[in-house]
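Common to both upcoming complexes is chain A, partnered first by chain B, then by chain C.
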Partner chain A sequence: MRGRPNLFTRYEADAGIFPSNTQRVWFVIGLLAVAALPIWLPRDWMILIATAFIASVGVIGLNLITGYAGQVSLGHAFFLGIGAYAGAALGGVATDRVTGLGLDILIWLPAAGLAAGLVGAIIAPVAVRLRGLYLAFLTLGLVFLGEHIFREWDSVTGGPGIGREPAELSLLGWRFDLDGTIGGFDVTREQQIYWLGLVVLIFMGFMAKNLVRSRIGRAFAAIRDRDIAAEVMGIDLTRYKVLAFAVSSFYAGVAGALLFTVTGFVNTASFNLLLSINYIAMVVIGGAASIAGSIMGAAFLTLLPRMIDAAGDVLPFLEVGSQGILSTSQLERVIFGVLIIAFLIFEPMGLYGIWIRIRNYWKAWPFSY
Partner chain B sequence: MTSTLERSGAGASALGVNSIPALLRSIAREEPDRVALREKEFGIWQETTYGGYWDLVQAAAMAMWSLGVRPGDKVAIQSENRIAWVVSDIAAAAIQAASVGLYATNPAAEVEYLLWHSEAKVLIAEDQEQVDKALAVKDSLPNLTKIIYVEPRGVRSYNDPMLMSWEVFLGLGRAALEESPRRVDELVDGIDPNEVGTLVYTSGTTGPPKGAMLSHNNMTWVAESGRKLIAGDAVPESVQYLSYLPLCHVFGRLYDLAGALAMRATVNFAESIETVVSDLTEIQPTYFPAPPRIWEKMHAGVQIRMADASPIKKILYKIFLSTGMKNADRLLATGSRGLWGSLTHALGDVLVYRALKKKIGMQRCLQAVSGSAPIAPEVLKFFMALGVPIYEGWGMTETTAVGTVTTRDEIELGTIGKPIDDVEVELAEDGEMLVRSPGIFLGYFKNPEATAETIDSEGWMHTGDVAEWTERGFLRIVDRKKDIIITAGGKNISPSEIENKLKVSPFIKEAMVIGDRRKFLTALIGIEFDTVANWALRKNITFTTYRDLSEKPQVRELIQKAVDTANEHFARVETIKKFALIPKELDHEEGELTATQKIKRRVLTDQFSDLIEEMYA
Partner chain C sequence: MTTFLQATVAGLSLASIYMLLALGFVIIYKSMQVLSFAHPAIMLFAAYMVSWFSIDKQLNFWLALALGVVAAGTLGWLSERIAVRPMIGKPLFAIAILTIGLDIAIRTPINNLIGINIRSVGDPWGFGTWQVGGVVVQHRAVAMIVTAFIVGSLLFAFFRYSRVGLAMRATAIDQEVALAQGISVGRIFSLAWIMAGAMAALAGTFASSDLSGLSQSTYIVALKALPAIVVGGLDSIGGAVVGALIIGLAEAYTATYQSQHLSFLGGNFSQVVPYLVLLVVLLIKPYGLFGTEEVERV
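Moving on to the complex of A and B:
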């Protein structure tokens, strides 16, 4: 109710994404600020942040199945790969080596998601019978299976070491991947990709948010907390686990299809175990079972290398030329590992947990609880 | 009596209706879609509009009619506050019968007395617990014909012809309403405003409860006075109430039934007494009436949670509490905070007060009221410091809840203010306060002797409170006439004043001062379990039960300190020389407290006579 943010007369309001108008206003202001950033940002930063946007979509997908539904999946790289190649095959340009239909983004982007989602749904019934470590191993197997398929199916993937170009960012004839002018303003390729990534993230983010605050989301959480108890409450385990896999894979497919359009090149070796682990790390560092946390985690880990680079000028032990102990990429990996350990021990709810703590400090004011 | 009746006619005309049911009907016709009631169900506040409210009342009224309730009969209600309560009450009044409220905590023996004495024909019982009480005593109640239960859980399997569910009851009423759709309207139009509209049993710290007969006029007058008192002429468009004060008590009835209708407010029913704190933060009521006990508890709650807060928060709170207290003093002395005071208050509001008020549910409170017992000035000042405007009012069941009040501009701590419009107050020779107003009740039901003792031939109501006028023309209650202690030295002492000073400490829940015909004063003190437990935890004192905690020497020391602090305010003869800690929490169902949580002195004196004698040994 107006002026009484905690008085709910409808469930819709109780479960609303924004509890009050104040939050709605702040969200829009924040969004406008993020959308306005490319006007000043240097090009390389734009690309980096656009990558973070798209990675966020993938992390949200992994968070849906791992964070919300509690099914540990190491196979996210496999689904990202399916999305990437499905997108490339449908939206890419055909050459003498690889196929490509050159379709519109309106077709290939959902199709890439659907392809990954379909594979997810096919595999899910097997996964439904397994829990915990066994499920982790099964999904791990998918990654190796995928790596093999991607290497061998060169009419689609271009083959190992050669690769192919990803899908073209062409919407109803408009090319996002070329510089152009909108309403008299010159816009660069990077700016357009940035905005495209932002729009996709907002759309997919809200879809996920709506999913998790609905009956389906509550069923996921119930399964995560105790699957037997969930079943007793009348939740169809098979159905919801399959759904979790399919939706998660759909998100991975969409993210995968877009991810490599930013760099303009897809390599078969990209979709390895390390990529899966990277995504798990983003979930853990960002915060399990949180959409906002997924975005924080993706942004943090995507921007981390760049920040370490920037810190390289200051830190004396970093390698400059042949001097120093560590190279920046070595340091990056060390920090990466330390971060995962530190977050698991000290802040299992991730960056989102830190945010919640800061928020609660002010929310409880002037009390402490 | 005659003058009373004449003036009550004038009071009623301000609302332009003859009774509360007629008032509800007029609102339902003018604004049928305005939200009247909210009740929390499965986590959501479900709304009932004024139109729906009146429909429910009509159905319930016709159902009562079908069950044989006729003008002059009584309908008893034993329930916590809920929609069925207010609906039944207004429905009974609508068919010219009268409601009788029973506390949900009333044990079976009291239920038997109240139902027998009031000659109730129908009982609205909330749930299995209340149904069980009624069934246990029904054989001695020849008048009782039907028991309506609101919560079917546990009662479904009962096979007693007297039982009927609330839904069936309403269905019966709706069917009857279809047959004679004008009957309720006609009955409401025919209400004689000077007839009994409701029967309110006083909780009675001495003797069996007496049934005060309140007329329709009393209720409409109090509705209008209540509105004028707390809102003036500027009633906001949306007024939120939180209904948690027992509706069987006249204080609760004044706000949640009569006053709310006069302001066209939305009444939100608290889920239960345990959830009042969280309900408060959700509802953030526009007007909030509470007995001192609730204010004391809120005050103690803030202190405890602040003690656990982080250092920066603590420091800020300390700074702004002390400036707030200074501001409150200035406000009391001069009626305004002054320029510097307004500045510090504005700063404090941003940094501390606003957030604090939101936490305790007072953020949107335009006017708070304390009544039903004297409140400690320190507690009152605390809320003034936060910027919660708080009246202290005095009233009795027999004066239909209102009488005198301190207002925003006219405050003198420790007094009950000045008489409100239409109320005359005089002091008798022995200091007893006499009141005459349109709110004076009709008399005690079936008890003309007590009525004659209370209302004299000139219409003055003898309150039983001893009071005095202060220099500024405020009334100060000394004590209940019969509670005043005369020590062996012949000194008159008011125990409640000392008790209230003791209860300022967040660690003291109950206090009873003893000393009648004794050489010095002593006190029985009951600790506030929550706060003392919290304190003990922080001091690493382990304990098991209430009794165990009470008996800890450290706790005794803690209470001794509180007693010493309270003693500083009094002359030597009025100080507490010794005290004993009560080994159990006092309870209504065990007869130690009245339903309104007032101590029954005689019961306590008997029950803890060994503790008392020990102090004088």
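Moving on to the complex of A and C:
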């Protein structure tokens, strides 16, 4: 259908991930550009962007349950924590303090996701009975209980303040976390972690995209829009809610395990309510019920501290040294809070909504619609 | 037996803090179906104001407390008017997330003001105690329990007998019908937030009057009031009182007995007991003990 990209003659084409060839081409170009970035980027930026990639995986997970299935979860930090420690226990090195099996990434990464997914599936039947805010409370309680468990179970987590070594990033003997050479080119640890994060994000992103445009995704959306109507139409609420919980937790588990390896250290107290709120904010700012939006939100909030730092250098009135009213990190927290409020009031569709508006403006240009 | 009574006194004083906070949550929830996660920030702000007036400005404690109550009420009113009011009619969850944003935006500057040192609120009770048949009762525990009782009773009387209280009850039942009866629903919303803010100020002052004082982590107290309202049921004022008692006593008894009898559960387990109670109650009664069960029409 050259020349008429919006004319669909088959349902498959209508439900496709890329509705037109233009989008397909631009996606490949964009992907190549992002993949080529680490050749020039400074090291700290590479780690930051790799963190954004991996956070995106976690945000996609939260978006699946909160954005698509409409089930409010404040417990994402708990599942991230399970993934992080499951990954570390399976892929880390045993010491006299902590257990570790030193397995391959091919085993510990899916296993970390499965561990979190399993816990999610166990908790889900309780959560299925609850609606709206009561569900938010249940997941809130999980975060606090989880924090306590992580603190006490020090043979796995290393205990508060001390922590443990993360899992090793070794794929069939190849170490991502050490500098090496591929085909004669020197590659640094940061570059490899960047590419690993990108590959995982693309894989998990396409999986999620395929899930939400399938029968299951339509069932999620029906439950979100009106659960009773969905039930009347023959959607098994319990089954799909449990499924949503399990899949979302799986994504959180994978993200948690990888985040741990990238940052190298986590305190048991870092899987707290604030982390959950961070992820909720990424969903809200990125755009609920949108995979692309999840990635935008994760990238935006992960890079926000750096942007504020940079803005502080350029704009003299943003003098935010230690003697100012607010330090840089505090200013960042305030901006973070204000952004959540502003997006919810003015742009509930998030960054993705802004992007759609800009796109539609240029589509119709020079007419207003 | 003495240990048990001692734990009960501790539990009751905890419960009175939770009750003051929980009543605020419930009043806001009933009047506008909004759950305010901004409460920790309002409470911390109020406690800081009391501390600033009484310590830095050398004012009388009672005057400082009154000013703190006014300040917290004002902050509650502003939050409602600026951030929450534009969101009326949006999904419940969106508003809840918005109040989380509000909490972060308010609490960060206050944290900066509080600093890293523990502050005192300059309360007159100090660490004075009475001996009642072997049980040590702190003066502040008595002050807390009495205040919570008085505030609770006043609130019940207010809702039961005053015209404004009646208007608030009408708004809680149906906002549009209340509007049609000539009730200014917007003003009711503001009043709910002001009342909640004022009670949070009392709770914050009490919570900062113990040994640990006022620090950046005092806000945790307000989060532990959340299980209290869920246990009682989100929209039940009586439930908030019962929930606060259950949570406060459970926390105090665990703090007393768990280290001897259930030590495998780990240190500081009493801090997570509220959430454990929350999970168990939700498992059995999804709408809390006294909450209205939602009736769904197709």
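Things to note:
We take it that the second predicted complex is superposed on the first by the 355 of 369 C-alpha atoms of A that agree within 3 Å, B and C clash if a C-alpha of one lies under 4 Å from a C-alpha of the other, contacts with A are read in each partner's own complex, and residues count from 1 in each chain.
We take it that a contact is a pair of C-beta atoms (placed from the backbone, for glycine too) under 8 Å apart; a residue touches a chain by one contact, two chains touch by 3 or more.
If you're wondering where the values come from, they're calculated on a predicted model, not measured in any experiment.
In the superposition on chain A, A:131 contacts chain C only, with no contact to chain B. In the superposition on chain A, contact is made by A:141 with chain C only, not with chain B.
Of the two partner chains, chain B is the only one touched by A:14; chain C is not. In the superposition on chain A, A:176 contacts neither chain B nor chain C. In the superposed pair of complexes, A:366 makes contact with chain B only, with no contact to chain C. When the two structures are aligned on the shared chain, A:345 is found in touch with chain C, with no touch to chain B. Contacts of A:79 after superposition on the shared chain: neither chain B nor chain C is touched. Taking chain A as the reference chain, the count of touched residues is higher for C when chain B and chain C are set side by side. In the superposed model, A:334 makes contact with chain C only, not with chain B.
Applying the stated touch rule to the two superposed structures, the chain B and chain C interfaces on chain A have no residue in common. For chain C in complex with chain A, the touching residues are 35, 83, 86-87, 90, 92-98, 100-106, 108-109, 111-112, 223, 226-227, 230, 234, 265-269, 271-272, 275-276, 278-279, 282-283, 286-288, 294, 296, 298. On the chain A side of its complex with chain C, the touching residues are 66, 72, 126, 129-134, 136-138, 140-142, 144-145, 147-148, 151-152, 228-229, 232, 273, 277, 280-281, 284, 325-327, 330, 333-334, 336-341, 344-345, 348.
Chain B makes touch with chain A in their complex at residues 38, 43-47, 240, 281-284, 305-306, 308-310, 313, 316-317, 351-352, 355-356, 359, 364.
The touching residues of chain A, counted against chain B in their complex, run 3-4, 6-11, 14, 361, 365-369.
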